[in-house]
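Letters A, B, C and D mark the chains as written, and numbering starts fresh at 1 in each.
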Amino acid sequence: MPNQVKARLQSNRKVGEYHHLVLAGEKIADGVKPGHFVSIAIGDTNSPMVTRRAFSIHRATPMTAHGSTLEIVVHPHGTGTDWLAAQEVGTTIDVISPLGKPFALPKNPVSCLLVAGGYGSAPMTFLAEELTARGCQVDMVFGAGTESKLFDVLAAKRIARFFEVTTDDGSSGVKGRVSDVIPNMFLNGHTAVVYACGPMPMLESVAALAKQRNIVSQVAVEESMACGIGVCMTCVLPIVGDDGITRMTRSCVDGPVFRGDRVRWDDLGTVPDDCLGAPKVGGH
Amino acid sequence: MAVDLHSKLGSISLKSPILTASGTAASGKELDQFFDITQIGGIVTKSIMLNPRSGRATPRMVETPSGMLNSIGLQGPGVDQFIENDLRWLAERGATTIVSIAGNDAREFWQVAQKLRGHPAIAGFEVNISCPNVANRGLVFACHPASAAEVVAEVRSAVGADFPLFAKLSPDVTSISEIAYSVVDAGANGVSLINTLLGMALDHRTLKPILGGRTGGLSGPAIRPVAIRAVYQVRAALPDVPIIGMGGIRSGIDALEFLAAGANAISVGTAIFSDPSAPMRIQRELESEIAARNFRSVAEVVSIAHLGV
Amino acid sequence: MAVDLHSKLGSISLKSPILTASGTAASGKELDQFFDITQIGGIVTKSIMLNPRSGRATPRMVETPSGMLNSIGLQGPGVDQFIENDLRWLAERGATTIVSIAGNDAREFWQVAQKLRGHPAIAGFEVNISCPNVANRGLVFACHPASAAEVVAEVRSAVGADFPLFAKLSPDVTSISEIAYSVVDAGANGVSLINTLLGMALDHRTLKPILGGRTGGLSGPAIRPVAIRAVYQVRAALPDVPIIGMGGIRSGIDALEFLAAGANAISVGTAIFSDPSAPMRIQRELESEIAARNFRSVAEVVSIAHLGV
Amino acid sequence: MPNQVKARLQSNRKVGEYHHLVLAGEKIADGVKPGHFVSIAIGDTNSPMVTRRAFSIHRATPMTAHGSTLEIVVHPHGTGTDWLAAQEVGTTIDVISPLGKPFALPKNPVSCLLVAGGYGSAPMTFLAEELTARGCQVDMVFGAGTESKLFDVLAAKRIARFFEVTTDDGSSGVKGRVSDVIPNMFLNGHTAVVYACGPMPMLESVAALAKQRNIVSQVAVEESMACGIGVCMTCVLPIVGDDGITRMTRSCVDGPVFRGDRVRWDDLGTVPDDCLGAPKVGGH
């Protein structure tokens, strides 16, 4: 059950190309699990920006000195994220938390690989801790275009058994993409479950690699959202249900985490003909 | 000083004039997490069609200056599922419910209405003849008096005489008053003003339309002046017809403007996306705006802009 | 990489696609204090009528979310004074000039055109058949294909065959493509899209319409998605007709969006009020936006949104 | 000739219900005379507020340590003025200065009365100094609803020969309106020219009182403005020209200062039938 909280911006620290924000407020950390996200209102009541912005929860800490806190990682690259990254400590931020379905955790202490692209690493150390607490083995791989777009590498090094970094330009770790190193990590780690958060093409490749090896994949997708709470039908993508039927499914309430093998990767941005209620010829 | 928020929408009496706008509140369940939906005037549900419908391809949304474009394309579970899940929940919850219906042709409107007629949870129907998110602009019934009237007549024949029926009109017409005349003439008890304006935005990288549906519906504060004008015009043309006003309402003063222009009730839409508790907040704000002007009831301010004009 | 900004607007060739919007730049003299008006594509002058005209009562402006309403009502000195003062100044200044003309009936349009025909300073005419600020909505010629065509035909007969003539259309119609067809059919070389949307705002204290004219024209970024849609639709319907696009342009990327949607040139209006040097700034920004996308000329980006659709 | 200046907010001081702002920038003070005004853009480039805001120039100081400075007095009571009053020192403000026609100054050293209502006192000490420099006698009267809406009283006391204050609630000076004390000040001061800046009803009464005694009045009107530079025709009011013909005249370029006897006070907010180009029956 999400709470709408007028939070206080406790800290705003630039980390590479991102900003690490700490938000404090009553109930802001209640019920938060790895994979949950928050939505944040942009600007004042007269703001020309009428939709909220979504951010993965990096960390949630109930009951600190300043009440509960919640941490996010912001990549400023548009009007709203620029605004948020520019806010000063002390400002009041309208936050709704938690939103969405979190990562499903394995019942048994199995070996897990956590794959992140860019700010997709935001929820990963949080997830790694939960998994470790359940006795799971945790391996991790972070990929990014360049070093300044990597986040939380030190924490990952600390918590992961095997940890790899890839960058497109080779400025850090292996030059290349996460998909170049994942196969070996699957082998060395005897991976049972792979978790991924990052750009859609990366998620697709992770899901494909996992499928080849019958590894369960859990991917956190990123679709454009207007409401973030399930009322507008903006954030849908074609997902295959337990009944084998494909539906245009809301990623804000039924996701953002989906099983990788349930996402119709080839049909993203379309409505597959076999999708429930797909348009007849001539379209809707 | 306490303000009497009760509103009469034709034969429907509402706790307050604040409704949700169709398609921006689903069937109320999600919003009920943020405020008690039984405490506002009522819920107008997402337009429902006969069969399950996938809606359009993504992207379905673009933010624009003080507004947004959407091209959802009436995604929904179909009327049977709607009755079984959404309507049942609304009935149990005890929320005043106005059901929005849509169809690809007049016959489908009739079929949907048939399935819903007489359902105890339904206080009235909003007939969405103005959705811009259809492949064929010709399918926007509200663009032509005759087709608008035909649909309304079909629905009327299905739901029985004088069951509350509101026709939702499009601002993308040469004369909205003319359309309003024709739907009232065809049996609508009232009109809902306005649906979104047809708009488009291009992707700054590809320079192609962003939306999967290419065009989309413009909503939000940006369109409020057009909506106020539409309500004012139709109120002037049809002094006694119940009007549900909407378009960019995000505060109590906005709501008051619509009431003064001639709306008997108002719907909150896009504002819900930035603030899920907007309908409740706006209801509180409206109450104090009315009190601040030394009025005692909503009834006193409805259409007041037309007095002595 | 240098970008070739030259634009062809039918037979008019422009230094750049950036024009001013009629009624937001007077006759260029005031703006010339802020930037060299001969360095942009050209000036579209305030719509001029036959006789001096007082315009409407004040207030004439309301700010709205990301836009504004105006009810100026075509205040002007009349065509004779306009020729003697404004046109003379523009001629001396050497600015490319498109003269916007208006009238209460087709005959007045003809009379105004008669007085202006053949004036060496005039590169073309914009026929304003879409001003919403007239007492009688019936006078908005652009709302009806027949009346729109009649006015254009009259002006055509006055200015002589194929002298550049642009009909400025209103978005407040059911089908803007239909109106575009009719004016081109009647002799317009091209169309200007869009004029303001009819809107209204109420005074928060009195709860009566703020504007002296009660209704006004909505302009500014708020209407940009409607304008882009109109340009895209008309370009799709009339692939070869020159289009002047406008509506909420305040940056180079906005201008690029209009060109890609199908405009051959664009007009900057409301943006001038917050930044008098906006046309020049937008021209610079447009140049770098085009270069950043590795295009070499304006010609390459015009209508590009329609490629492979 | 107005300059568009990206000015630096040098100081922002609350004074009663107003904010006294000092703006620094190149050329910002060039050619400024009493009665000129500036216009200021509100918010960033994505601002929902598309029109500028107009403010009388309180003081202009070319060539200080920080370049030229310009001072204004802001009454926060709407979205734009609230925004401006809330800006912090150091922010960049887009200012156009100077705008409009200033107060006409008498050729000879005559006796002048300066009347201000509310923030209308902003340009008055500036004007008083110019007049004094020309050897004029300067009397002043400031009126306001209440004491906290008076501005610059000390400076006025210093420079004026006779100085009166009126407030509607009597919280300062005489309880009442400026029009209650003006007749006596005319007498005692042998006033030849009266200057007024403030709400329209006050300007009207000043103009009327002056007319009765054949005193020349110069009033700075306040009409809603969209452009402030003469291109939009928003800011008009019915003014009688030298030729006796009434025209809807732009207050941003032909004003804001007009001769009081040229303003059609009874017809404000209308288009008089005898106005040039007035609508025939049925209106425009």
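Keep this in mind: a residue touches a chain if its C-beta (ideal position, glycine included) is under 8 Å from a C-beta of that chain, and two chains touch if they have at least 3 such contacts.
The shown structure was predicted, so the numbers you read here are calculated from the model rather than taken from an experiment.
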{"item": "Shared interface partners, meaning chains that touch chain B and chain C", "value": "A, D"}
{"item": "Chain centre separation (chain A, chain C; CA means) in Å", "value": "47"}
{"item": "Distance between the centres, which are taken as Cα means, of chain D and chain C, whole angstrom", "value": "34"}
{"item": "Centre-to-centre distance between chain D and chain A (centres being mean Cα positions), rounded to whole Å", "value": "56"}
{"item": "Where chain B touches two or more other chains at once, by residue number", "value": "65-67, 220-221"}
{"item": "Chain A: positions in contact with at least two other chains", "value": "46-49"}
{"item": "Chain contact topology (line, ring, star, complete or other)", "value": "complete"}
{"item": "Touch list for chain C against partner chain D, complex", "value": "23-26, 30-31, 33-34, 46, 51-61, 63, 65-68, 70, 72-76, 78, 133-136, 212-213, 220-221, 250-251, 270-277"}
{"item": "Chain B residues touching chain D - in the complex, by the definition given at the top", "value": "65-66, 221"}
{"item": "Chain B-touching residues of chain A, taken from the complex the two chains share", "value": "1-2, 4, 41-42, 45, 47-52, 94, 96, 223-234, 236-237, 247-248, 253, 268-271, 275-279, 282-284"}
{"item": "Chain B to chain C touching residues, read off their complex", "value": "62, 64-67, 69, 137, 143-144, 172-175, 197-202, 204, 207-209, 215-216, 218, 220-226, 228-229, 232, 248, 253, 256-257, 260-261, 293, 301, 304-305, 309"}
{"item": "Touch list for chain D against partner chain A, complex", "value": "46-49, 79"}
